[in-house]
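Order as written gives the chain letters A, B, C, D and E; numbering starts at 1 within each chain.
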Amino acid sequence: MLNAVLFYFFAVLAVASAILMVTRRNIIHGAVFLITTLLATAGIFLQLQAEFLFVVQIILYVGGIMVLFVFVIMLVDLDLSLHLVQFNRQRFVAGALALVLAAQVLGAFWVSRSSIGPGPAAVVAPQNTEAVGQALFGRYMLPFEIASILLLVAMIGAVVMGKRRI
Amino acid sequence: MDPQLLSRMATDSLFILPEAMLALFGLAILLTDFFLASNQKSWNSLTAFLGVAFSAGSLLEVAGQNRTAFGNSIVIDPFFVFFSALFLASTALVILLSVRYMEIEGEQHGEYYALMLFGTIGMMFLACGNDLVVLFVGLETMALAFYVLSGFLRRDRRSNEGALKYVLMGAFSSGILAYGFSILYGLSGSTNLNDIANAIARRPAHDPLTFIALATVAAGVFFKIAAVPFHQWAPDVYQGAPTTITAYVSVASKTASFALLLRLFLTVFWPVRVDWVMLMGVVAALSMTVGAFAAITQTNVKRLLAYSSITQVGYILFGLVGSVNKDGSLNKLGLEAMAFYLLVYLFFNTGAFAVVIVLRRKGVIGDNIDDLNGLMQRNPGAAVLMLIFLLSLAGIPPTAGFVAKLLVFWALIQTQHYVLAVLAVAYILPAVYYYFRLVAAMWVREAVDPVRPAISVAQKFALGAMAIGTLAAGIFPEQFVRLAVYSILTPFGR
Amino acid sequence: MNSLPYVLRHLWLIPFFPLATAAVMLFGRRLKNGVVSALCVGSVALSFIFSVAAFFQLLSLPAANRIVTNHLFDWFPPVPYHTLGGVLAYFHADWGFQLDPLSAVMILIVTGVGLLIHVYSNGYMGHEGGYYRFFGYMNLFMFSMLMLVLANNLLVMFVGWEGVGTCSYLLIGFYFHRKSAADAGKKAFIVNRVGDAGFLLGIFLTSALLGTIQFDQIGPALLVGDFHAGAPYITTIALLLFIGATGKSAQIPLYVWLPDAMEGPTPVSALIHAATMVTAGVYMVTRMNAIYQLAPTAMLVVAIIGAVTAIYAASMGIVQNDIKKVLAYSTISQLGYMFLACGVGAFTAGIFHLMTHAFFKGLLFLAAGSVIHALSGEQDMRKMGGLRRKLPVTYWTMLAASLAIAGIFPFAGFMSKDLILSSAYKKDFLLWAIGCATAGMTAFYMFRLMFMMFHGESRVDHEVERHIHESPRTMLVPLVILAALSFAGGWISWPEILGGNSRFIHFLEPVIAVPHAMRSEAVQGVASRAGEIGLMLLSQGLVVLGILFAWYVYIKRTELAERYAKAFGGFYRLVYHKYYVDEIYDAVFVNGAKDLGLALGAFDTYVIDGLGVNGAAWLTRFASLVSIWWDTWIVDGSVRLGSRIIWLLSYPVRLIQDGLVQSYMLLIVIGLIGVLAYYFHLAHSVVH
Amino acid sequence: MHFLFADNHILTTILFTPLVGAIILFFIPRERGDLHRWIGNIFGILGLLVSLPLIWRFSLQPGAPRFQFVQDLDWIHSIGARYSLGIDGLSFLMVMLTTVLGAISILSSWSAIRKREKEYYILFLILQTGMVGVFMSLDFVLFYVFWEVMLVPMYFLIGVWGSERRLYAAIKFFLYTLAGSVLMLLAILAIYSTAHTFSIAAILDAPHPLFSLKLERWLFWGFFFAFAIKVPMFPFHTWLPDAHTEAPTAGSVVLAGVLLKMGTYGFLRFSLPMFPDATNQFRGIMIVLSIVAIIYGALVCMMQKDMKKLIAYSSVSHMGFVTLGIFALTPLGLSGSIIQQVNHGISTGALFLIVGVLYERRHTRLISEFGGLSTPMPTFAAIYLIVTLSSLGMPLLNGFVGEFTILRGAFDVPVYGWRWAAWGVVGVILGAAYLLWLYQRVMFGSVTNEKNEHLPDLNWRELATLTPLIVLAFWIGIYPKPLFRVLEGPVERVVQVVNPAALAASAAPSKAPDARTNVAQSSAKIAAPAAARAEVK
Amino acid sequence: MLPIGNYLFLSFTLFTIGVIGVLTRRNVIVMLMSIELILNAVNINLIAFSRYWGGVDGQIFAIFVITDAAAEAAVGLGIILAFFRNRDTVLADEMDLLKW
């Protein structure tokens, strides 16, 4: 019961702020609504008993990525883009098609809801954080290593692109 | 952390030695780069080349193995070795071509080479990954490296624009791909490809969830290999990026994405092969059509080659189409064709771009068809090589491209895709038409500026190597075919 | 075979000599005229000697086996095929020669007259350029003609057949700087080619039907196949071959080339267009008589064509003013006689007339040539007259020839012509009547010619008149010899009714394998002696009348000519313009072909190239960028359509690759939707 | 030396001699134009010389194997393609024709080509190798490789050394030919998927029928386009005038002399013996196309203003004769058509050389520019005359032998044959017309254009190029027996498969042949293999 | 937990919103943000499924996805900066130098 309430609360919050995010004229507002969405998602993670992810989500996204965004938004002068049309020429057809896509996929989920029943989820999730750590430094050590390269690349890239002259 | 796990890790880590080497040298470049004066930056290329060499050497160590490592998250098999070798070769070639080019561009930086090496790491993990996570991370590593590289000429507006388009679309498509991956995980509860394959095999026929996964994953992969209708980034990025990187993207990243595609579709989606063969066929046909028609009126060589490489993708995909018989059984020839095609594609496609690269000089970008005019007088060697590469792209004997196309057609015939076969051969004609516009410019037209392009030793070496490869694989393809067969059929021969 | 005397074993030598010299003449530019004439005349003389030898050695053989065949070497080796009878046969042809009375006579005529004319040409062409070329062609012609008559199968005969045609083309066009000459040559060749087409088909059908094309095997093959007279295939063969004959021997409808052929040097006209080549048709028909006699219909056609041609050509001869043109038409009409003879089955008579005609027509041309020579190239009779005294030898010899061609007793012409008429009479009265009429007209125009040239007062321009001179001896000797022959040449076959024994005819008998069916009244059917005589006198009377009329019109009352011309104005003009046949042919065939060619050429450029090929190319050629390529396309025609197509098709690509990243992404989404739709359709279709 | 000329190596020697020359030239600096000329010519002649031993070593014994001088090595094992060469009578003639014409045309370029000699001679020698290879190869893949390899140098010969619209002509030639050959490639693969071999010899020897009738039809058309375009047959001929006209003299010579023969060679080597039933079915269409080509080509010739274009269209007409002979399917027709191929190579080659002579002197090909050339150039006139006569089928010269045999062979075909022959004869007449007209317009008349007054006559080199052709013309015209002997075997083999009735001791008696019997025969011909097929499956 | 379907619905709704944002907003930064939204949707899927299967693989995967999102954001914004320097705009439909 509580589960349901939590879920629906966060879900509605997430969707609503997402919609606002893509519709706001002011980018800063958009960023803020994105943050809201992400926080709502984090809530859903919590509701799914993924505490570790809940934390990661908040720290990384809200704390990291969004800061980055705001920086950039500040760098590219705002007022210029404020009084412009925020949507491009193809907005209607694009929106329509996106909804078509949604209809397709959601419809698919609907028809196949039977084939993904309650599943074995009776088992209660293991001690989350510990299990995640185990996995991350056990089976998933290799991706972890690669991820370090990935971040290195991202760093170099950001530096190369961001600096005026290297 | 039980010690026995650790020891297993230790032994396993031998199998990622090639990647490790690259990482090592990549970091080395980043470090040494600080100590190099701006006119000595080209030494970085040497480091990078050494890195590739060492990686290749350690790759030989693991060659011939056929096992999994890191808890079944990567497989060390001929397929991996084969493709890694391709990536390394391509990287080496591009490094050789880059030195002088970046010199002229005035963008001679350590980061450039480091990123290439890191990108290569991502590709190699794409080739060996047997786990969604590994594949995803590897793919992103490669992608990010390429985003940056394609935008490396920061002062060039085209380069910026290409890079921005690339990164936006790339991120978008990888989002779609990731969504597909998440569904795959949802279907199986595991990120291991084999488990997923079994899970999918157990799904009811024509299961919508599987289809959603299939569609989204396919969309992501098609984007990476630039197949119609997911191709549109390619011409713009190819034209904008530094030509060396254009060559790199069009060969290395494409080959890597094909490796990913093969892994996924030959393991995970193999149970539903009859459902995707048609899809592949249509996409391939579309790629050929759009590529061919669009290429005809291009005046920019890089853009033309971009469209032509879209056409090439069509041919390669036809190989995949030709590897599934009407009754759903595997037709080995199709896979051979694909592997061989990818192998020789490295030679002639890089080669074609290489000639454009050597035409670059101060003040002249050299990527207009008119810049080729009279090349036969100005630099016969380059003209002849370009001829060889273009013939190979068009599939005229005695070049590698002919054998490759021959195998593809043959596979199609064997699997009774007659219409597709006719289509495939029909599109040779427009191909010849637009390739020979370049040939005509080089051989027949008179030069507008009689400047003879200077070619550095490294570039000469690279060009020569690719030409020899193209001809050798065209006249005596036996060994190449054997190699392709061995490396693709060992894991997927069934 | 070795028992045979030398010449009969080496018949190939006879044509060989002229060929050799002709070959030499290829490089004759450096040779002196003396050497050239020595070589060429010498070679012809040699082959004449050999022919004489061959002739007598043939005579020495018993009449039964007077057929000698030499086999030189294979030409077409055997290749299997099925005859129309379905029998497996082998088509082959070898370089083989056959000497029998017929060919013996022919080679004598060819080499003999040829020799004389060569000698004559020495003088005539003396001051012409390209001397070596002329004699080279002449010898080549001798070679071809001898091949034609000596051939032992249709194919080798065809070699000669084409060869003479080519040589006549070359010799007519000898004055190649005159356009008219060149045109005439071409016309001759192509009209001949039309005939040859028939001949070729005839050969095909012969071999397809009989399984052989060898003369000495055709007869047996006919017996084996026991074809009844009038078998359709036989008739077809006969007619096809006859088409060839009409071409070569200038019969209706293919006679048009001969008058123009007079453009050539006069000796050529004498040799080729009077004495020898044009008679090839007659020879061929006679050679194939075995077939013809099995085809009554064909025979009738031959006879009618011959008769009609005879009178038709004669009528045109009357009104011509150019000497050579007159002679040309008379040649045509005489050839008509010969075919008439063959047509009525009197092949031997045909050959006989062929021989005598060779004499007097050759002579006529040569004499005319010497006149033209004397008048430095003047050919128009209206600019002549009263030359009798200035050119006595020419006059007398030409007179003899005219009497001969008119057929006055006892000239050679009489013998042969009378033989023809009598056999025609036996066959069909109408044919005979036409023959007689023709004889009268012949007499008329011949003597019109004589009178206008030699009698009356001179109408020659004065500066020409000053240096009129009798021709050199080299030209006169042949004239004299030929005159003698035209006078006495016919006596070798003095008709029986006049107490002779037509030796010549009997000599030729064995060649004419008359099947029993028709033997009865072929040649010597017996009409009443009185009747024969009567006919003879009748024709003689007509001839004399003709001569007198000519005398009356052109000597006695010269103004009459114009008056008649006016009186029959329309008809006169019609005849004078040769019934406008040339114009008709031009309009119908020549221009027709040209226009068609033009039309097809256009079709090529615009339809096939334009739509079929470049259209396809255009489809793949999207944007209509302005470039040199594009110009070439424009040049290639039907652009408007093409550019439209391209513009339309280039649109989509521009549309999708518009450079806007979001529209690219939109396409990605569309693709995704498409794929999903495809799959859900798949699933859906399976579910239901 | 002996090794090179051993029976199983000589073909390889012939094949690669020109290529060796090309490679040598490759290493000579481009400035040394004269050196390139010399070496190019030396290897051109050498290519001819090494091929001469075939003439006396080629065995005509009845017992001789179908293909001689066979060399068979492993090439692409995993595909099953082999490097196997060998020649029978047919390819023997073609190879000789190629080497002769190759040498001659290289010699003819001596003074005609004065720019970029290096590329020119290299490309020409490569082209030479390609052409020889097509006629020699006994493996489908090898055959196809040579078939296409040849296109590229030809493209350049036209495109670089051609005249005004050369680029257009070159690409048109390339695309046209390619369009046909790619379909052939599919057909080849389809053959493999049934016969499981690429070996031409094996498929030829395989018991007929090897393919189902349906498949045969497809294969027939697959090959047809490749060959019909090369020949070229009627609707596919429009590339020819452009290519011929724009190409340099030597290029036109080999185009007309050799490249066109590949189409007809293909028909004889593949279409007829491998797909006999399909051939019999579509024979009618083929014949009609041939006849149309004959008449059409001749008529178009009439109105040409450009000498080369005229000769090009005359090739269309002459090749029409060849295809007519081929699809007459009678021994006479086939052997005639093969001989006519050789003849066409000789005569048309010579004609192009002659135009080249004029072009070198006046740099124009317009007929109207000339006239009365007999006066300044008598030797030229004589030779040109002989060539013209040989081309229009004058007896004693080669043209006649071919055309006569073809028409004679066509005539044998029951019911329809005589009509075909009649049309062919019409073509002969027209041929005479346009060729003589050309000759007259160029050579006769008085010299109107003062530029022509002092044209030099043929020099020794031009004579050297033309004389051999004329000698050959006379030889074939007078004593073609050796050719027939050489062809006996191949022709009989082909006819044996495609039209056995033609060799039967006695055909169905059709003294008054009518359509019904013929239909009956043909239907029987179709039915029998069908039955055979039944038990094959 | 609730039936998995709910999470799928939610995640794809977010996904769709993200797609709409990417396709329609002219500002590239917003496009980038929308892409983040898409990746976020993916994460919801992964977490939900990992809860559904009772393992942590999904969560691990999600961690990597987040990492990747961060990396992409960094690089993307860097490139946007470079672009902005040269072109003085961040509007997607004003970058059409490269087309056709």
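Rule of thumb we're sticking to: a contact is a pair of C-beta atoms (placed from the backbone, for glycine too) under 8 Å apart; a residue touches a chain by one contact, two chains touch by 3 or more.
Because the structure is a prediction, the values reported are computed rather than measured.
Any chain bridging subunit A and subunit D, meaning touching each of them, is among B, C; the list is complete.
Centroid distances built from C-alpha atoms place C farthest away from subunit E. Contact counts per chain pair peak at A-E. Here the chain at the heart of the structure, going by C-alpha means, is D. The centroid of the Cα atoms in subunit A and the matching centroid in subunit B are 31 Å apart. Chain centres here are Cα means. That of subunit B falls 26 Å from that of subunit E. Each chain gets a centre from the mean of its Cα atoms; for subunit C and subunit E, those two points are 95 Å apart. Chain centres here are Cα means. That of subunit A falls 101 Å from that of subunit C. For subunit B, residues touching at least two other chains, in rising order: 133, 137, 140, 144, 147-148, 151, 154, 163-165, 168, 172, 176, 186, 207-208, 211-212, 235-236, 429, 433. The set of subunit D residues that touch two or more partner chains comprises 167, 175. Multi-chain contact residues of subunit A (touching two or more other chains): 88, 90, 94, 97-98, 101, 105, 108-109, 116, 140, 143, 147, 150, 153-154, 157, 159-161.
Applying the touch definition to all chain combinations yields A-B, A-C, A-E, B-C, B-D, B-E, C-D, C-E. Taken together, the subunit A residues at the contact with subunit C in this complex read 88, 90, 93-94, 97-98, 100-101, 104-105, 107-108. On the side of subunit C, the complex with subunit B involves touching residues 617, 620-623, 625, 629, 649-650, 653, 656-657, 659, 661, 664-665, 667-668, 670-672, 674-676, 678-680, 682-683, 686-687. Interface residues of subunit D facing subunit C in the complex, by the touch rule stated above, are 165, 167-168, 172, 175-176, 235, 238-239, 241, 296, 299-304, 330-332, 335, 372, 374-375, 378-379, 382, 385, 389, 394-396, 400-401, 404-405, 407-409, 411-412, 418, 421-422, 425-426, 428-430, 432-433, 436-437, 440, 443-446, 478-481, 484-485, 502-511, 513. Of all residues in subunit C, only 660, 662-663, 666, 669-670, 672-673, 676-677, 680 touch subunit A in the complex they form.
Across the complex, subunit A is touched by residues 1-10, 12-21, 23-27, 29-30, 32-34, 36-37, 40, 43-44, 47-48, 50-54, 56-57, 59-60, 62-64, 66-75, 77-82, 84-85, 89-93 of subunit E.
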